[in-house]
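There are two complexes below, and they share chain A, which is joined by chain B in the first and by chain C in the second.
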Partner chain A sequence: MSERRRCRLKAGTSDDLVDAVLVEELTKDDLLKAHLDWAPVRIEALRRLYDAKVRWPEHWHWDWSKKADMLDLLAYRCMGIECEGQTQGLLMVSTIAGKSRLVEQLGKAVLYIEFVESAPWNLRDLVERPKFLGVGVALLEAAIEFSTTEGFGGRIGLHSLPQSEPFYRRYMTDLGPDAGHSEGLRYFEMSADQMRYFLEGRK
Partner chain B sequence: MKAVRMNDELFRKRAAEENGSMISAIGLKPLHSKRAEASHQAGEPVRFAFSTLICHRRRALRLTMEDLAQKAKVELDELLRIEEDSAYVPEPRTVHQLASHLKLPIPQLLVLSGNATSASTELTEAAVRFAARSRAVEKLNREENEALNEFVKVLVEQKMTTKKK
Partner chain C sequence: MSNEVTKRTMTLNLTEAEMQALESISVQKDLSKTAVIRQALRLYQLVDHRLAKGEKLFFEDEAKREKAELMVMI
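Let's turn to the complex of A and B:
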């Protein structure tokens, strides 16, 4: 059975922290349920954005139930954050070590984040008042911890969608557009120093 | 080693920094779909060229299947499938091992085997030519030797960028 651990999110409308649960190994059914929960809210938000002639988020078409087949492979692990009975964010990582591209840790093992997404009701571009804040932070924290457990030293890397770049640029090194990525997305990586800053708040 | 978890005060600060912004990231395509795509791109003649290349190169180096399987640390039945079944897509590790022991360039072999894609048409065209000239015989004749050497030359000389799995 999948391990569940306490974590927290920040309430969207106050400074309070809210108890949440990090589920460390989601099943295909979990992903399908998350998709069914998220889809109506996303469609409603997209309808509003369309009417207002506002650009849609780049990941508007993502369907986590279609990513579920990846869980047939041992190489992938999916984690999620639950709060108030709903999935608030999803993270899929590859358990096959990538290699660091940062000079200071070149060639060392890196945990590669395949997909990450926050529930639509937590995104300011989709709803006026996000329900919870800090989903991305909590998922990054979980990824760092998993990277540490797997022996990757807490190092993590990912390809960010353009609209998400400001979030990752705050805590990770932007290594620029990656010609090896099918969509040419920018590759971000977190060094050991950046990990300490992210987790402890000091440089 | 255990990762330090951030305290609640810092989490509150980080959550405020995130402030409901987009966090979506998308990885390189999943392993199985990338292999399927690469395999599809390679096409039947190219994969036939890969099977034939492995077989002819092995024979040119005077290695039995057992010899090569042992040296390259590849299962004998997998080597047999590679040489006999052009639809079979071997694992990248197997391709690496065979490339090393047959003294063939790894990136090109990954493309031919259906494990990687390439924008280059030169390799594909050379592979199709090689496949067309190859015939299954017990001993390599001069023409096959020439075809083999010519194809190996193209492989070795070609500079290319591949998308590995």
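Let's turn to the complex of A and C:
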């Protein structure tokens, strides 16, 4: 299994495709480095939004350095996309299979996505001109591939923050608010058909 | 960002009943036997970690309004 694979992102300014690297298993150090890299940019952007009286993104408080300890356990895996020497996005998944809630694949193993985030300089909510586009989609693709490797058939599921719901509705089935979730977030899952359609679109 | 993951092979000695249970779960969950063993190890480690932190593990039957703590020796 290759630990570093080539993937592609779009340059935010020119729409040109650029080569990036998907790192399939990050260490705690990698997360700490990414946090140190992201934090100043995030704080500066939040300050601008505050001054402009614009609402902050719902995940503004995420701190990947605090999630790093999860990697002490086999139950979690973190992947990242690297480009131009910086981490452009992070993905944390649970390696303990979830159970599918979609009728057509009810009860089958699903890879659950705990957290997914693009670097602050790639977020339209935070910067006027994102540096790179397509980070979230590339990370979803990485999750599908990992799900396949794990024997979960490429099935993935997640709870979405309200601001990200439109993004996930493009690729996944919205199964509505989850009464069992601590924040009552909506649960999304990707079916096998949706996965094939998604991967076709990535070719 | 760099690290190498190497996989190691081991022989697993199971009783007939244990192998039957493994095969049954493998079929039921549509996972390979290796994947089932991996799942068990990940779950075991996670439960152990949370119990060590002082958390408790419960099974709850909402219909019967029963809740029982699972006492495990890990």
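Heads up, the rule we're going with is that the second predicted complex is superposed on the first by the 198 of 203 C-alpha atoms of A that agree within 3 Å, B and C clash if a C-alpha of one lies under 4 Å from a C-alpha of the other, contacts with A are read in each partner's own complex, and residues count from 1 in each chain.
Following the convention adopted for this analysis, a residue touches a chain if its C-beta (ideal position, glycine included) is under 8 Å from a C-beta of that chain, and two chains touch if they have at least 3 such contacts.
None of the values given here were measured: they were computed from a predicted structure.
Enquirer: Using the overlay on chain A, decide if chain B and chain C clash or can fit next to each other.
Expert: Here the two partners, once superposed via chain A, clash with each other.
Enquirer: Touching A:S191, do we find chain B (first), chain C (second), both, or neither?
Expert: neither
Enquirer: In the superposed arrangement, does A:K108 touch chain B (first), chain C (second), both or neither?
Expert: So A:K108 only meets chain C here.
Enquirer: Determine, under the contact definition given at the top, whether A:F167 touches first (chain B), second (chain C), both, or neither.
Expert: Only chain B; A:F167 stays clear of chain C.
Enquirer: Just checking: does A:T87 make contact with chain B only, chain C only, both, or neither of them? Give me first, second, both or neither.
Expert: Touch status of A:T87: second partner only.
Enquirer: Of the partners chain B and chain C, which touch A:H181 in the superposed model: first, second, both, neither?
Expert: First partner only.
Enquirer: Per the contact definition in the header, classify A:V23: touching chain B only (first), chain C only (second), both, or neither.
Expert: The second partner, chain C, only.
Enquirer: Taking the superposition on A as described, I'd like to know which of chain B and chain C A:A75 touches: first, second, both or neither.
Expert: both
Enquirer: By the touch definition at the top of the document, which applies to A:E150: first (chain B), second (chain C), both, or neither?
Expert: second
Enquirer: Which of the two partners, first being chain B and second being chain C, lies in contact with A:T95: first, second, both, or neither?
Expert: second
Enquirer: Counting residues of chain A touched by each partner, does chain B or chain C come out ahead?
Expert: Of chain B and chain C, more residues of chain A lie in contact with B.
Enquirer: For chain A, which residues lie in the overlap of the chain B contacts and the chain C contacts?
Expert: In chain A, residues 73, 75, 151, 153 are touched by chain B and also by chain C.
Enquirer: Show which residues of chain A lie in contact with chain B when the two form their complex.
Expert: 8-10, 12, 15, 17, 57-59, 62, 67, 69-70, 73, 75-76, 89, 92, 94, 112-118, 122-125, 130, 133-139, 141, 144-145, 147-149, 151, 153-154, 158-161, 163-164, 166-168, 170, 179-183, 185, 188, 195-196, 198-201
Enquirer: Any idea which chain A residues touch chain C in the complex?
Expert: Those residues of chain A that touch chain C are 1, 3-4, 23, 25-27, 30, 72-75, 80, 82, 87, 95-97, 108-109, 150-153.
Enquirer: Chain A touches which residues of chain B in the complex?
Expert: The contact residues of chain B facing chain A are 1-6, 8, 10-32, 161, 163.
Enquirer: Would you mind writing out the residues of chain C in touch with chain A in their complex?
Expert: 1-5, 29-32, 35, 38-39, 41-43, 45-46, 49
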